[in-house]
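Down below are the structures I want you to see.
Next come two complexes built around chain A: one with chain B, the other with chain C.
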Partner chain A sequence: MQKLGELKLPPFFNYPPYFTLQPVRETREKQIQLWKELILDYCRTQKIFVVGLEEDFPLFSNPAIERSLNHEARVAFLSAIVSDGRAEWMDKGHRRCLILWHRIQDWADIILRFVKENGLEDSVMTVEEMRSGIESRGTDVHGMDRTVLMRALKLLENKGKLAIFKGTSTDDEGVKFSV
Partner chain B sequence: MRRRAGIGGLQNAAAARDQYRLLGENVARLRTDLMKEQLSTFRSQLEDFARKHKNDIRKNPAFRSQFHEMCAKVGVDPLASNKGFWAELLGIGDFYYELGVQIVDVCLATRPHNGGLINLEELCKLLSQRRKGAREVVSEDDCLRAIGKLKVLGSGFEVITVGKRKLVRSVPTELKKDHNEILELSQAQGFVTVEEVERRLSWSSGRATDALETLLDEGLAMIDEGHRDGKRRYWFPCVSSVSSFVASETL
Partner chain C sequence: MAGNWLLPAETTTSGRPVLRPGEVESSLQPSVDLVNEENPNLPSFKSGLLILTTYRILWLPNPDSTPSPSTSAAVAVPLGAVTHIFQSKKSIKGMFASPRVRFQVSVTTEGRVQERGSKSMVITLVFRGKSDPDSFVVKFWEAYRGRAWEGSVSASAEGVEGPAFLGDGGGSSSSDTGLALKMPVVGVSGILRKEQEMWESTDKSLQDAFQDLNALMNKAKDMVMLAEKMRQKLLSGSNSQVNATNDEEMGSKEEMQDWLLSVGIVSPVTKESAGALYHQQLSRQLADFVKTPLERAGGIMNLIDIYCLFNRARGTELISPDDLLRACSLWEKFNVPVMLKKFESGVMVIQNKSHSDEEVFSRIRSLVQKPDALQIGVSATDAARTLGIAPAMAKEHLLAAESKGMGFLCRDVSPDGFRFYINIFQDIDPNDEYLVKEYGVYDSWIRAAIASRSQSASTDDFKFCELTIVVSLPNRFLEYVGKKG
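Moving on, here comes the complex of A and B:
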């Protein structure tokens, strides 16, 4: 079976008609379901947060069978993920899509776990440190998309778990945990 | 012989007819009795045989199929009832009952993908995947028998033959001759184009398009606009092996 990164590609990926948006409703629903799962799985294993519709996203074409998704199909599949609450359009023209393979709430929980496991309950960190520092290495927080991270942090701030403040010396924001 | 006239002659003729009929009935009865006796001997021997080869019948699908054939010849249907001698002896009723339920399951699970038409081979493959834990092997013959029993439920399960393949239909759609011919044609590559249908079957363009559109609406076909030549291809998941893969994910 073909592989893309660590992800085993499902067999439908090699069946040409799955690359054409199906005209019959029931068939299309099944098709969309399979694509939704594939896109989310792929983004999760590859830690991809943003999918550009006009970019060379590896899932959008399969050279082995010489098929690729047209714009309409790409929009249809991503829109379906958006309506499931697992993605958001980043612009009005629907050119870029933010993929939330963990929902913001789940990301917030992951951050809390990370804080507790590293004994950072009363510490101060910068946002950039969280994304690329030593502490987060090997956790899901490492390499997180900044937009998603900020949204999760804001959610935690609203719950009183931390405070976000502007740093004095750098442009970066700081986070004071009070878990 | 000169025909005897009068009422006496008529009565004689009638009496003779009665005699002949009686004699005929006697001969027939004798023959039937003899036949019945032979059959009952055979049946009891069949039962002995079944008792002796119980394990083979349960575990070996080829043996099971031959046993069924033998039973059919003497008018014994081990599947007819879940009670009684045969079921108790072999537990064979339960086997097919369970298989039938699993067949319905698989057909329902794969329906969104194949429109309710599945290759018998695929069905068997999926069933074996499902029954990994069970010791008994399932053959195509077993599937056909189990489906035969499902028909009694009037649920529209049916086995149709298209070309060399057997397909199991779990939707009430009646496939017309035109549709069967297209399915048969598609078995070579897994897909057809309108042009190919027109050329190979010598149909008018309208006839080909109509039949293909119907198959599409029924969920039996999927379109593919992605080929270099720009011609729309109609793919049939029920004749391609891809259906087993897609289905196994959802099962």
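Moving on, here comes the complex of A and C:
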């Protein structure tokens, strides 16, 4: 079976019509559904948070059958994910798309679990530490997109689980957990 | 019992009269009653279509009142039985009543209309529609004086039979009719004289025919007979005299035969003869005409192709594309076995009513499930080849198959072109993308896709083998030649 990074590709990835946006409504709905799942699965396994429509994205082309998605199809599939609440457009021109393979609420839970598992309940960390520090290595928090991380932290702050404060250096923020 | 006093007339399924060989329609009048005023007990024929031909007066029941014109209802009066046409009297009373035309026919003692009958009776035609009885009378006189039927009687006695108002001009006649040559043919000079006479009569016919179009119309019957005769001559040319047929002519012979075979419709419906009924009658004639070419083309044809064929068969009195379209759109109103179909793209075709979309779809369905098509799909050209139709039309069918509900086709647009595949989307489980239901189209597609990949590897090997053989052969050949030397 074909693989793309860690992801095992489904057999229909070699089906040429899969790469042409189908005009018939019922067929198109099924096709969009399959693409949504595949894009989210791929982003999850590859830890990809941002998909640029004008950049090369390995999933959007299949060299084995010499097919790739055109711009219209890419927009259609990503828009479908956006309307499901699993992604957001990052600009008005719909050129970059933020993929939330975990919802913000799920990310918040993952952060809480990470805090508890590492005994960080009352400690202080910088945001950058969380993303690339030794503690987070091997967890989902490691390598998280900064935008996504900040939004998850804001959610937790509103719940009173932590406090975000401006650090001494201007380019980083600190987090005080109080779980 | 009904109409027993007149002769029955055959009609086609689309309600056109079946004409005899050489019979030409000269006038059509709607809403005409055919009655016997002398004997009101005899059944009269109310408000039907009256057709005057060079042989007969035909009365057909009104197609609107009877949804399917039964063939038995049409009646005919042979012009041969007509003994007199009365001058219509002009009177004050006549101004308000429907115009009438009376004529006398000879009948048998039982009262049946027949040529050379012992008794006679008067038949009255009552024109109820907005028709022109005066011009009808003129044409009636013309046809009556023309005595065209007399030739036909002798011809049919010699074996020319069957309806020949369409198609191959002259029916199945294989005997030499018409231009019989009475001069004894003896020796080479006899043959030469025969050729010479043929030449002269042919030349004269052609000269007369092309003087003007009217003359050509009048000569239509002769021309068709001539064409048939020339065809017969060409057919028998190989085993007859050699003086006129040298090798050069052999090639053009077949071409000539094709031309002669397509000298077609002896009695084309024209605006002049049919008047207001033009499109209606044209529509019926067209319905009869398209049957044969449609069968040959697999039940469906482009409107443009029909236009060419139909005008080719008419030869003269060509119709405009507009008239053709109007004639085709009238089919909806008649009970004819063909229909006009317009695809979404605007392409118009004529198809048999029996030619259903379902049948085409099932053929496409089996086409796209062949191993090759599973791997690389089908293009409109592939489908056209399989279905035996034009690529443009095949594409219409493919698009229709794609858009029908959750269609069984999917498109693939790539730099390689526009292709269609069997739709496997419907077979994929949205909850488990890796699950493959056994014996579904998804399953068979995967099998074909895997097979293609292993096959392409083996064909590469095979090509390599071929290449070595090709390379090694000349070497061996050279060795061999070298040893010889």
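Just so it is clear, the second predicted complex is superposed on the first by the 177 of 179 C-alpha atoms of A that agree within 3 Å, B and C clash if a C-alpha of one lies under 4 Å from a C-alpha of the other, contacts with A are read in each partner's own complex, and residues count from 1 in each chain.
Basically, a contact is a pair of C-beta atoms (placed from the backbone, for glycine too) under 8 Å apart; a residue touches a chain by one contact, two chains touch by 3 or more.
None of these values were measured; they are calculated from a predicted model.
Applying the stated clash criterion after superposition on chain A shows that chain B and chain C collide.
In the superposition on chain A, A:27 contacts both chain B and chain C.
In the superposition on chain A, A:38 contacts chain C only, with no contact to chain B.
In the superposed model, A:10 lies in contact with both chain B and chain C. With both structures placed on the common chain, the touch criterion links A:19 to chain B and to chain C. After overlaying the two complexes on the shared chain, residue contacts for A:119 are found with neither chain B nor chain C. In the superposed model, A:63 lies in contact with neither chain B nor chain C. When the two structures are aligned on the shared chain, A:93 is found in touch with neither chain B nor chain C.
Using the contact criterion defined above for the overlaid structures, shared-chain residue A:160 touches neither chain B nor chain C, since it reaches no partner. Within chain A, the residues touching chain B in one complex and chain C in the other are 10-12, 14-17, 19-20, 22-24, 26-27, 30-31, 34, 66-67.
Of all the residues in chain A, the ones that touch chain C in their complex are 8, 10-12, 14-17, 19-20, 22-24, 26-27, 30-31, 33-34, 37-38, 66-67. Residues of chain A that touch chain B in their complex: 10-12, 14-20, 22-24, 26-27, 29-31, 34, 66-68.
Taken in their complex, chain B has these residues touching chain A: 112-113, 115, 191, 216-217, 219, 222-228, 233, 235, 237, 240, 242, 245-246, 249. Within the complex, the chain C residues that touch chain A are 377, 402-403, 405-407, 410-416, 419, 421, 423-426, 428, 430, 433-434, 436, 442, 445-446, 449.
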